[in-house]
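Take a look at these structures.
First chain A sits with chain B, and in the next complex the same chain sits with chain C.
Let's look at the complex of A and B:
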C-alpha cells in the first residue's frame, strides 16, 4: 500500500516535460497518420451553410475577417472553405478587416479558393467578383461608419485602388446593401461587437465563425436569432468543410483534437484519483 | 478649463451618439454622423503613434539600464525593419513586408498560441481538482463538453454530443445571458455617468 501511495505521490509530482511530450505525440501522430474519424455536423453550422445556399446567384456577401495568425489554425480553414463555397455558388464577395493582421491571410485564402478545380474554370476576376478592402482601425466606429457609407470608411481597397473605380463596390454602399454578412472572428472587435453595434441597427442577415473560446459567448446571439448560423472553433470549421465537401486542415485537425482532449481528460482523472488517494497521507 | 473642455466634449458627443439613433432620414444628421465617426477613426489611428512612442521609450530606458539588452534591441530592430519596409515598398502582396509577415510573423504567432495546448494539459493535471461541489460540477461539465465536441466522443457513445450541446445551450446560455444583461446595465450606467460628468477617471488624476 505504501509503495502505491509513494507511486501516486511521485505521479502527482510528474515533471511537466513528460506531459508536454505526451501532448506533442497525441497531436502530431494523427496529423502525420490521419485516422479519419467520422463526426456529425452541428445544426448551427448547417444553418450557416444553408444561409449561403439560399442566396441567389450574383448576391453580394460581405465578409469581415477579424482575426490574426494566432487564430489561424481554427479560422483559416473556415475562411478558405467559405470563399470556395461563395465562388462555387457564383456569389460576389467583399472582404473587410478590423484586425491589422488579417488582410494577408484573406489574400492567402482567396488565392487558395481560386485554385480549386471547381472554381478555376469560372474565371473569376478581382474587383468584379471579389475584392479585399483591407484593414481599417476604429473598431465599433468603423462598424458604424460602414453602416452609413462603406466608401467613406474604406476609400480604397487593400491594393490601393479607389473604391469608386471598383465595379463590385457600386452595388455595395453600406452594410445594409449586402445580402449576407459573415463575420470570422478571433476576438474583439468581433462577433459580439458586430451584433451589438450593427446587426440589429442596420438590419443585417448575419452568420459568424469564431474561435472555440468565443463560442459560448456567441451562442446567446444564435439562440436569439441575431445570428442565422454559427461555427465555433476547429470543430465548426471541420463541420463546414464537411458540408461544403472540401475536407481540409480542420477536418484533419479533428483527429489531433480528439487525442489532445482525451489526454487532458485522462490527466484530470488520474490527477484527481492520485490527489484523493494521497490526501490523508499528505495531511 | 483643463477639465471643463473635455467634460463638455464628452457630454456633447455622448448625447449626440444617443440622439442620432433616433434621428433617421435627415441629411445633415447623416453627414454629421459620418464626420464624427470618421473623426473618431482618425483619433484611434493616432493611438498607434502613441503605441510606438511607448514601446520605444520603455525599451530604450531598459536598454540604458542594461536590462535584457539583446531581446529589447531585437524588438526595436524588428519594429524599425517592419515600419521601414512598409514605408519603402508598401504592404501589398509580393512586397518584402508581406513576405516577412507571412513567413516570420504568422508562424511565430501561431507557435505562441499553440503552446497553450501544452500548458493547458499541464495546468489541468495540477490544478483541476474536485475539491468542492462547485469545482466538481465545473470539472464534470468541462469533461463532458470536451469529450462531446470530438469525434472520439461520438464514437464512444452517440449521446455525448447531445449532452455537450445541452450544457452549452441551456446552463451556459442562461449564465451567459445573465452576465451579458448585468454587464450591459453596468455599461449603460457608466456611459451615463461619463456623459453627465460624474465619472471623471478617464481624465486622469482622480
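Let's look at the complex of A and C:
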C-alpha cells in the first residue's frame, strides 16, 4: 500500500514535460499508423450538408471565411470539402473574408477543389462560377455594408478586378441575393456576429463551421433554429468530409484526436485518484 | 546536389525547423524559441501592413480620392465627354484625377489622421474624435443587432413546450418506436409544401390578395390545422415564417387597394388606345387554354407596372399554369395595338359561364380567377371545373400520400365530383384518422384518443368504405397500424416521455439555480446557500463541457502541426536532429 501511495505521490510530482511527450506520441502514432477508429456523424453537420444539397443548380452560395492559419487544422479541411461539395452540385460561390489571413487559404482550398476528379470535367471558370472577394476590414460595419450593397463594400475582388466587371457579381448585389450563407469562423468577427447580422437582421438562411472552442457559444444558435447546420472543430470537419465523401486531413486526424482525448481522460482520472488517496499523507 | 538545395527543399526545412523551434518552448525557454517568435511577429506585421495597403487603404480610400486613370476615362466616357475612339489614349492629369475624386472621403482621411495624434502628449485629445465616432457607430449597430439577432430569437427559442411531446416523439423515433424515416419524411414533406406555398403567397402579391380578400379565414384555419399535424417537427418555424410572409404580403396589397383597383380597371376596360392589343387574328398562338389566357392577361395588367412583377409573373405562370417559361413569355408579350381586354374576351368567344361576373368588385374577380387556379371554388361550374380538379390532382401527384388525399378530397367536394372523388375522400379521411390515432398514441393521452376516435367515427363523417376500414381496425388493431411502424409498448413510450420531461426540468432548475448564485445582495446561507451550491454545480458542469471543447480544439491544432511536419518526414527528422544538437550546445554554453 505504501509503495502504491509513494508511486501516486511521484505521479503527482511528475514533470509536465513527460505529459507533453506522451501527448506528442499519442498524436503522432495514429498519424503515422492509422487505426481507422469508427465515428458517427453529428446531426448538426448532417443538416449543414443537407442545406447545401437542398439548393437548386445555379444557386449562389455566399461563403464568409473568417479564420487564419491559426485555425487551419480545424477549418481548412471543412473549407476544402465545402468547395468540392458546392462545385459538384454546380452551385455558384462568392467568398468574402473578414480576417486578413483568410484569402490565401481560400484560394488554396478553391484550387484543391478544382483539381478534384469530379470537379475538373465541369470546367468551372473564375469570376463566372466562383470568385474570391478578399479581405475587408470593419467587422460588423462590413457585414452591414454587405447587407446593403456588396459592390460598395468590396469594390474589387482579391486579385484586383473591379466587381462591376465580374459577371457572377451581377446577380449578387446584397446579402439577401444569395440563396445560402455559409460562415467558416475561427473567432471574432465570426459566427456570432454573422448570425446577428445575416440571419437576424437580413433573414438569410445560414450555416456555420467554427473552431471547437467556439462551438459551445454557437450551439444555442443552432438549437434556436438561427443556424440551419453547424460543424464544430476538427470533428465537425471530419463529419462533413464523410458526408461529402472526401475523407481528408480532418478524417485522418480523428484517430489522433481520440487517442489524445483518451490520454487526457486517463490523466484526469489518475490525477484525481492520486490526489484523494494521498491527501492524508500530504496533510 | 542541385535538387537537394532547391528553394522547395529549403522552404520545407525552414517550415519544419521553425515549427520545432516553437515547440521547443515546451521543453524550456531557449534562444531558438525566441528567434522563431520574433520572426513570426515580424512576418505577421509585414504581411499585415502590405494587406492593409492593398486591400483596405488603396481600394477604399486612395482610389476614391484619387481615382485611377481608367476610372476617370470611364466617367468621362459615360458623361459623353469622351469619344470612343479617343478613349484608350486620352491623357488624364493628376488634377483631373483629383477633381474626379469623392470629396466626402477627405473627412474620413482627416479622421484617420486625427487618430495618429494619440502619440502626441499635447494633442492626444484630438484622437478622441475619431474614436468617439467609431465607438458611437459600433454601439448603435450592436444594440440593434443584439436585439434583432440574438435577444429576440433566443428568447423565442426558450419558450418551449414542456409537456415533452415535442421531444418525446423525436426520442421515440430515434429509439425505433416510431417509424423514423416514413413519418419524418411525410411530415417534412407536408410542412415544406405548406411553407413553400405560404411563402409564395407572401411573395406574390396577386395571390396574396386573392387569398387575403376572398379566402383568408378559411385558408388560415385549414392550414393551421394541417400545420398542427407537424408541430412536433423543427420545420414548424418555416410554417410560421410562411404565415408571417403571407400576412406581410396581404397587408401590402390591401394597403394599396385603391391603386390595385385602378390598375385592374385599366386592365379590364379602361385601357388607353395606344396600349391596346392587336386584332384577334394576330394574337400569338400558344397552347394556352382560353381561361389560362384570361388569367394571364388579367394578372399581367396588375403586374406589368413593375419590372419585378413582370419577372415574378413569368415565373409564376410557368410554375402554376404548367407553361414552359418560353410559352409564358410569349403569352405575356404585349405588342402595341391590342384591343381592350373585355372586347378581347368577348371576341374570343368565351362562353357566358366562363365570363367573370363583372358586377362584383374587381378585386373579388381577380381573387376568384386566381383561386380557381389554386383551389377551384364554385365560381365557374361544370365541365371546366372537373378539368381543373383533374389538372390539380395530377399536379399534386408528387406530394405525400396523406396530404395529397386530403387535398384530393377537398377538391372533389368543391367540384362536386362523383364516386371516384368519394373514394378519394374516404381514403383521405382514413388517412387522417390513422394519423390522428398515431398522434394520440404518441402523446399517450388516452382521453384524447377516445375523443378522436369518437369524433372521427361519428355517423355524419363515416362513409361505407370507411366503416369497413374501421371494422378492420377493431378486428386487428396491431395489424392495421403495423404499416405505420407503431410497435413499441405504451410503457416504453411513457418512460421515454418521462425522461424527456425530467431533462427539461433539469434545465430549468440549472438555469434558476445558476441565476441565484449570482444574486449577491443577500448572504448565501440557508435555502439560498443550498440553491447557489446547486447553481455552482451546474456552472461547473457547463464550464467542464466548454473545457472539453477547448481541449478538442487544442489537440486539433497540435494534430495540424504534426500533419504539416509529416508532409516532409525527412526534413522534419533532419530539423529535429539539428534542433536537438543546437539545444544541447546552447545548454552547455549557458552552463559555462
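Please note the rule applied: the second predicted complex is superposed on the first by the 283 of 283 C-alpha atoms of A that agree within 3 Å, B and C clash if a C-alpha of one lies under 4 Å from a C-alpha of the other, contacts with A are read in each partner's own complex, and residues count from 1 in each chain.
What we mean here is this: a residue touches a chain if its C-beta (ideal position, glycine included) is under 8 Å from a C-beta of that chain, and two chains touch if they have at least 3 such contacts.
All values derive from a computational prediction rather than experimental measurement.
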item: Contacts of A:72 with chain B and chain C, given as first, second, both or neither; value: both
item: Partner chain(s) touched by A:20 [first = chain B, second = chain C, both, neither]; value: both
item: Touching partner for A:122 - first (chain B), second (chain C), both, neither; value: neither
item: Partner chain in contact with A:137 - chain B first, chain C second, else both or neither; value: both
item: Chain B versus chain C as contact partner of A:261, first or second or both or neither; value: both
item: Touched partner set for A:39, first chain B, second chain C, both or neither; value: first
item: Touching partner for A:216 - first (chain B), second (chain C), both, neither; value: both
item: Touched partner set for A:235, first chain B, second chain C, both or neither; value: both
item: Touching partner for A:148 - first (chain B), second (chain C), both, neither; value: first
item: Doubly contacted residues of chain A, that is, touched by chain B and again by chain C; value: 20, 23-24, 27, 70, 72-73, 101, 136-137, 141, 144, 158, 201, 212, 215-216, 220, 223, 233, 235, 257, 260-261, 264
item: Sites on chain A touched by chain C in the complex; value: 17, 20, 23-24, 27-28, 31-32, 70, 72-74, 100-101, 103, 134-137, 140-141, 144, 155-156, 158, 192-193, 195-197, 199-201, 211-213, 215-216, 220, 223-226, 232-235, 249, 252-253, 256-257, 260-261, 264
item: Touch list for chain C against partner chain A, complex; value: 26-27, 47-48, 51-52, 55-56, 59-60, 63, 137-138, 141-142, 144-146, 148-150, 152-154, 156-157, 234, 237, 545-546, 549-553, 555-563, 566
item: In the complex, chain B residues that touch chain A; value: 21, 30, 33-34, 37-38, 40-41, 44-45, 48, 90, 92-93, 98, 101-102, 105-110, 112-114, 117-118, 120-122, 124-126, 128-130, 139, 143, 146-147, 149-155, 161, 165, 168-169, 172-173, 176-177, 180
item: Complex contact set, residues of chain A against chain B; value: 14, 16, 19-20, 22-24, 27, 37-40, 42, 68-73, 101, 104-105, 107-108, 136-139, 141-142, 144-145, 148-149, 152-153, 158-160, 201, 212, 215-217, 219-220, 223, 233, 235, 254-255, 257-265, 267-268, 270-272, 275-276
